[in-house]
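Okay, got some structures for you below.
First subunit A sits with subunit B, and in the next complex the same chain sits with subunit C.
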Partner chain A sequence: MKKVLEKMIRLARLKLPEEEMNRLTKKTEHVLEYIERLKELNTDDIEPTSHAIEVVNAFREDAATPFSNPKKIVEIAPKSFENLFEVPRVIDEG
Partner chain B sequence: MKVKELSEKLARKEIASVEITESYFKKIEKLNPKLNCYLTLCKESALKTAKESDERRSKGKTLGPLDGIPIALKDIFITEGVKTTCASKILENYNPPYEGTTAAAFKKAGAVLLGKLNMDEFAMGSSNEFSAFGPVKNPWNLDCIPGGSSGGSAAAVAADLCVAATGTDTGGSIRQPAALCNIVGLKPTYGRVTRYGLIAFASSLDQAGPMTKDVTDAALMMNVMAGFDPMDSTSLNVPVPDYTASLTKPINGLKLGIPKEYFIDGIDSEVKQAIEIAAKKYETLGAKVETISLPHTKYAVPAYYIIAPAEASANLARYDGVRFGLRTPKPEDLLDLYEKSRTFGFGPEVTLRIVLGTYVLSTGYYDAYYLKAQKVRTLIKKDFLEALQKVDAILTPTAPTPAFKIGEKTDDPLKMYLSDIFTIPVNLAGLPALSLPCGFSKAGLPIGMQLIGKHLGEEKLFQIGFAYEQATEWHKRRPAL
Partner chain C sequence: MKYEAVIGLEVHAQLATKSKLFCPCSTAFGAKPNTNICPVCSGQAGALPVLNKMAVEMAVKSGLALGCTIQEKSIFARKNYFYPDLPKGYQISQYEKPLCLNGHLDIVTDGKLKRVHIQRIHMEEDAGKLLHETGHENFSHVDLNRCSTPLIEIVSGPDLSTPQEAADTYRKLRNILVYLEVCDGNMQEGNLRCDANVSLRPIGAKAFGTRSEIKNVNSFKFLENAIAYEIKRQAEILDGGGKVVQETRLWNQAKQMTTSMRSKEEAHDYRYFPDPDLLPLVVDTLWIEKIKSSLPELPEAKAERFVSDYGLPEQDAQVLTAEKPMAHYFEECIVGFNAPKKIANWIMAELMRELKSRELDITQIKMKPNQLAHMVALIENGTISGAIGKTIFMEMLNSGTDPDKIIEAKGLKQVTDTSTIEIVIDKIIAKETENVQRYKSGKTNVFGFFVGAVMKEMGGKANPKIVNEILRKKLN
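Moving on, here comes the complex of A and B:
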């Protein structure tokens, strides 16, 4: 299980030290064991419910609406440059 | 102070909004260090709003019953220019660049925002112990939890550190803390109150609602919160009634169903007894009470702990340290930036849910877990809809026990999850449910009952709740602090 969860941690873009990984594995196993209870139920002919209330697609005009203060969006970024979000280099200079 | 009571006093000019707002801040300064309800206070803007309200009133104008009333919002509601943390380190300094619909609606109604309330991080928890900014204490016993995730809201209303508050409820997060703190809490029908401006946890279950000192106040708050919002794709485009109109209707002849599956092992005997006494009270008020069956009840919690973490793992992918929120100081590369920012920013319970969610959605497990849970969700919904053809509302305990001790359940996720055993099924079915005070344990801790109604049946729940409230005194008790 720990191996599988290590993969999940990577997929979820997290990184845990060994001790925390052990604690998390124990807790996850405990919860999954409980979830297994669902196997008792035969659901072969049951339709799945994704939303409790049936809502038909909410269509709207594909029209742009101006945002009051776009500068604010960039300003709250941890690092920005002019009107761009700044991140570490992702491609080599080559 | 209650919304209705204060609104009448303001109308008669017995008191001014500035005066009452100042008195709330004084009380908060005195009691918040004990309770830890508030994460952010908005003193300057609150006094400005209060002054504007008073000036409006002196000219004979008012924006309605909430005008000049000091309220507070759970820190999951987006407020433009007011820090919104969701009780997480990853959003510790997040200052939203836009206003959520609910915050805007309260502004438009003239309400005075005192501040933002503590909660479990990203609304994941049932005790408020998973806040990154320390636990909230239960005003009835400071060694106990107030419930969660809207624990700050429940404690603030119970201790009268605001007139009324808002909460959100994904699996019981309004109703369970309301029950544990002796206040009223409504989880509306899914889609009745907008999700635009709520930080997302599990989008198919999340719903915002009022947390108040009585049913009348909950109705008044719903008059502001409910309604269609084009910014929320699952918002219901259905007219909003005046929720106060149904309150005084008689409940003579109405049928209440008590599900036999809710009286399981592990339910506290004092809670069970309180519900039995409440049922008898309803009979004396002219309602008919009968036993009903919701056969798939025991599968609700396991189904929920697949669906909610799955949706959460997707919703929380946006916290990447790039556009907003916390970023690790010296990342080696982009991947390192993501991993370190997220690992440091999320607390252990949020991490657990992200991992659970990633697992149940991953290749090879999707059908066995996620699809299976969605099918079980159909069965649970069907149970409710069939029962509600026979009865007007379902009466249950809100939580299996009164408030437990701080630290009692933090190491065992299952024990914690089971404190929502009676509230979770309702979210899976998208139904409205009202929690209201119905007794006290021998140790002096509040007990709450839950009324579950049909889709968009909030008015009937208010009617049934109000009748009980008029005939009992529980909701009038206040903690000694």
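Moving on, here comes the complex of A and C:
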């Protein structure tokens, strides 16, 4: 269980102290046990729930309206350079 | 060992909407970095996405044109991964319940018809753009203008077996999307992109081999090159007793090879789940029917019509309808002068050759359809010869001047006045006594020489039929 949790935490870019890890491992085990119990139910004819409420379709019409202050969005980023967001170097080409 | 290739395509097409998929930011290409961004597409806490209705209609249109079943209910899901071009930490896509399923596309490669299965079409948002060449060694930079522009991803079945078939499929998909006006199809601007999954298996085998996914192919030619390279690379690995690694590879056109790409996210664990911010999308029959009735004539139907209405050979009809603007140009010409085959010949021989050598497309030229039509009419009614027609054609293409004006300015009108032609012929016959003797002694093949001499003397403007008649009379 701990391994699974460690992987999830790594994927979510989180870092947890050891005691927190232990606490969460136990908690997660309980959650998964509960899900195992739920699995006993026969759900063959039930559509998987994607949303809790039965509302569908909210649309907007296709019209372009500029946001009032896009510059501000760049400014509140941790780092920027000439109106570009600045991030640690990432490059895909191997 | 002999192998057969198994190839499938994933095509990303940017939908030609004015605004983004979930917010009202403009999708215009080439804007200054980070000017078309807002709290929604830049992933600010608490911002809520609202679906663009036009994007849905365009996606449905694409699905219908490709023979898909439109799903009444589809669901947007979050595809989670961390990358700097993705400010929310997830991409909104469709996973388990895409909008369109089970379509097909017919391609003809080397005269052979093949039906390619379209597994699915789903809607998703694009990511931002990463810039690496901003002069900083330790940093990359991000422009989020493209972030959240609407895309459809079209996934073909693993039905293709040669690089040519793959390129033909991609080409035809592009043509259909451009016909539908749901995508501009501009590969340079990246609004149409293609990834190819390639694997090999021994001929006759049923099971698939391990595949690699090739990214970054932004032209039909590159796609062919990349797949051909990948087939060779995998065959060499297998022949050497090795195993193909399942991975993503990038095509490098300059080096003419694919190179392995480091994985974006370990183990590709995207942890998809339904996006709670977006309601399920329901497209009912009424809406589908309405969209269906708005579908334009597609390439195949248009080609059939060109055969039945204009009496064109099937080959001509295929060539003329492959791209919508070309088909439109042709039909505009027909309005000007109703001689379909003659016009088709000029377009397919002269015009297409010039477009190719000048690297232009039909929408970029100065010559208007009615001008081309009028020139062909002038040839047909004998005002100009076919040879002069070519001169005028080039002039029209270069300057967009009306054929009548070119004829007048350059004095290119065909001479049909028999007495004028006769004077020239008499002059030639008087000069070319030796050749006249030859002709009279039975070497009638010098006749062509006389025609050529007269034409040269008259700057190509003499009516060839009249020249022939008078020459024959005089020489016999």
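Methods note: the second predicted complex is superposed on the first by the 78 of 94 C-alpha atoms of A that agree within 3 Å, B and C clash if a C-alpha of one lies under 4 Å from a C-alpha of the other, contacts with A are read in each partner's own complex, and residues count from 1 in each chain.
Operating definition for what follows: a residue touches a chain if its C-beta (ideal position, glycine included) is under 8 Å from a C-beta of that chain, and two chains touch if they have at least 3 such contacts.
Quick caveat, the model's predicted, so the values are computed rather than measured.
Within the superposed three-chain model, A:63 lies in touch with subunit C and out of touch with subunit B [touch as defined at top]. In the superposition on chain A, A:5 contacts subunit B only, with no contact to subunit C. Of the two partners subunit B and subunit C, more residues of subunit A are touched by B.
Once the two complexes are overlaid on the shared chain, A:73 sits against subunit B and subunit C alike.
Legend: residue contacts after superposition of the two complexes on their common chain; A:38 is shown touching subunit B, with no touch to subunit C. By the touch criterion defined above, A:30 reaches subunit B but does not reach subunit C.
Contacts of A:18 after superposition on the shared chain: neither subunit B nor subunit C is touched. Using the contact criterion defined above for the overlaid structures, shared-chain residue A:84 touches subunit C, although it does not reach subunit B.
Touched by subunit B in one complex and by subunit C in the other are residues 11, 13, 50-51, 55, 58, 60, 67, 73, 79, 85, 87-90 of subunit A. If you check the complex, the residues on subunit B that touch subunit A are 94-95, 97-98, 189-191, 204-205, 230, 233-236, 296, 298-299, 301-303, 305-306, 313, 317, 320-327, 331-340, 342-343, 346, 348, 351-352, 354-356, 358-359, 362, 369, 371-379, 381, 412-414, 417, 427-431, 455. Here subunit A touches subunit B in the complex through residues 4-5, 8-9, 11-16, 20, 23-24, 27-28, 30-32, 34-39, 41, 43, 46-53, 55, 58, 60, 67-69, 72-73, 75-79, 85, 87-90, going by the rule given at the top. Residue ranges of subunit A in contact with subunit C, taken from their complex: 7, 10-11, 13, 50-51, 55-67, 70-71, 73-74, 79, 81-94. Subunit C contributes residues 17-19, 24-28, 32-39, 42, 44, 50-56, 73, 75, 80, 82-84, 97, 130-132, 134, 136-144, 250, 259-262, 264-266, 269, 271, 274, 276, 278-282 to its touches with subunit A in the complex.
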